[in-house]
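Look at the two complexes coming up: chain A is in both, with chain B in one and chain C in the other.
For the complex of A and B:
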């Protein structure tokens, strides 16, 4: 982080909304990581940043919903309990439909993953917030963990037989070497596609919002209403994307789990 | 592009790990078992209630069947009793009628006998009266007492004529 950026970060609490010359707005500023509390442990930089703060907020919100929301444990659920139960059953059905009963022991993980990504995406829709999932390192970290975990699981369940996963059935022998190479590459690119899909969606959407917000300000009272109307519609779409990408992330995790457990 | 600022990678990964692990523990240890208990409890409650409802329905059906059976029996019984009563009353009425008829016949016979006797007596008295009247007429006409025996003969002759 440069000194100029730090100054900029301190001055512009409204992410990118503060005029800074030119188009009067920096649409990428909202993704800026600013350190709140510098911290170094064992030579590693583990500073508490705005990203970390939003992760904590997201985790707290999820805990509040699923623990405090279930506080009464009513037979007939109230609003919060309904949402908590709905989330539970949504993920539970997703896992059952895609993995079957064998996936049950991974339910806490898939649930945590889905809720974490969903709340990070949705939290990013709040004004002045920070979108944790708009950073490739976060989505790649999650995707890599899933990829490694699923691969280890595949070998643990099937042993070396798991290599058969890369050999398609009913294919002419001549084509087999080519197809195996393709299968291996497609398998190895899973963490990349999984993480880039989420990160790119979040980043592109939020950048678009900021760019059009800049148009609203630049065009002023005379012509700002058109981009404003677009922003309103696009915000709705972004909320849909926020949910959809969390869903896609979770369901792909389920599919990878199913591949590891059942090999097609 | 702030996303490619490698200096921020380590703190982000570190906090991602911390937060995700804490959240995972919270979810798997507290939240999810709690929700599962509530959902399971509700499922059991609903299944139990449905069972109860089915039992109640079976009981109701049995009660209705029993009621209908009792009703049919009662109806049949009532019919039998009514028929028996009707028969009994009819036979009693018939008996009374026969008795009264007999009594009436008897009375009629008695009355007829009495009439017959009266008639005979009356007829018997006619001669005596005729004789007396004839005697009285003769004595009035002749101015002397009529011969009783001759009067009687004359009356008898007149009566026979």
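For the complex of A and C:
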């Protein structure tokens, strides 16, 4: 541990030398989960945390946007109604392009999923906020739910015929034992890749922003403007990534749904 | 070698994965631009695929970053 301590000591020394009063910044502190209202039921810790609070805020914001936005239902939409209609159309088009007409009945699910992930990511870009999707347990919960749901759907639609999904067509019979194993493994890693993609993007982006914020303070009044300019650019990039990851999460859900409904 | 030092070196090596992500993202955007300049009319229809490919390529690099973070903070 001595090497790690030496590194931390050096970092602290750099921050300590900063003219702004030695503000050591821990880039991982923003992911800290703090309990707001402690609650224990049957041996389980189900406390109301800042993560839960931000999920409630996100759910309330989405409800406000969609319910209040569509409240008037005017023929010429106002600003709020436009946003609600745009998001509806966006997900609807995504579902139609990737799944087809059979995907219509899964629209509420995909819409809720997309809006939840999008608002969690975007809410994380607010100063002093908490990024719900930067915790792997949240994204893994979502991904595992999608994976199990899609698998159950596949068996419900195709019955045992769904196992044909793992047998690629037009392959020499000698290669089949190998390829089937690969297909099964690639199918089983879907929840992991889906959740780690979202979680890693969010966590890496926010850590990077915080590290650069540390540079701004460490370099002081004179040199701090260069990393500050980078910060502005990176914040723009992070907002793009926040949207992009929500989009990718939703579109991969559509692709998995299409696989379950139509197989190959 | 001290375990702590090995941990830090391993985390550094794991970040080489980001080089692969860089190559992948460059390939995707380069090929998209090349295709879009040849046939600009077909370009907007492929924009969602561009974003999807970008996110998939970026994610593979971030898996390496996750390995690095696990080495640093979990093990």
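Just so we're on the same page, the second predicted complex is superposed on the first by the 241 of 264 C-alpha atoms of A that agree within 3 Å, B and C clash if a C-alpha of one lies under 4 Å from a C-alpha of the other, contacts with A are read in each partner's own complex, and residues count from 1 in each chain.
Operating definition for what follows: a residue touches a chain if its C-beta (ideal position, glycine included) is under 8 Å from a C-beta of that chain, and two chains touch if they have at least 3 such contacts.
A quick note: this is a predicted structure, and the numbers were derived from the prediction, not measured.
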Which superposed partner A:201 touches (first chain B, second chain C, both, neither): second
Touched partner set for A:28, first chain B, second chain C, both or neither: both
First, second, both or neither for A:193, with chain B first and chain C second: second
Chain B versus chain C as contact partner of A:244, first or second or both or neither: second
Contacts of A:115 with chain B and chain C, given as first, second, both or neither: first
Contacts of A:62 with chain B and chain C, given as first, second, both or neither: first
First, second, both or neither for A:96, with chain B first and chain C second: neither
Superposed model, chain A: greater residue contact from chain B or chain C: B
Overlapping contact positions on chain A, where the chain C interface meets the chain B interface: 1, 28, 199, 203
Contact set on chain C toward chain A in their complex: 2, 4-5, 7-8, 48, 51-52, 54-56, 58-59, 62-63, 65-66, 69, 73
Residues of chain A touching chain B in the complex: 1, 28-29, 31-33, 35, 39, 44-49, 51-52, 55-56, 58-59, 62-63, 66-67, 70, 73-75, 77, 81, 84-85, 88-89, 107-109, 111-112, 115-116, 134-138, 141-142, 199, 203
Contact set on chain A toward chain C in their complex: 1-4, 7, 28, 94, 97, 193, 196-197, 199-201, 203-204, 244-245, 247-248, 251
Touching residues (chain side chain B, partner chain A) in the complex: 1-5, 7-17, 19-20, 22-24, 26-28, 30-32, 34-39, 41-42, 45
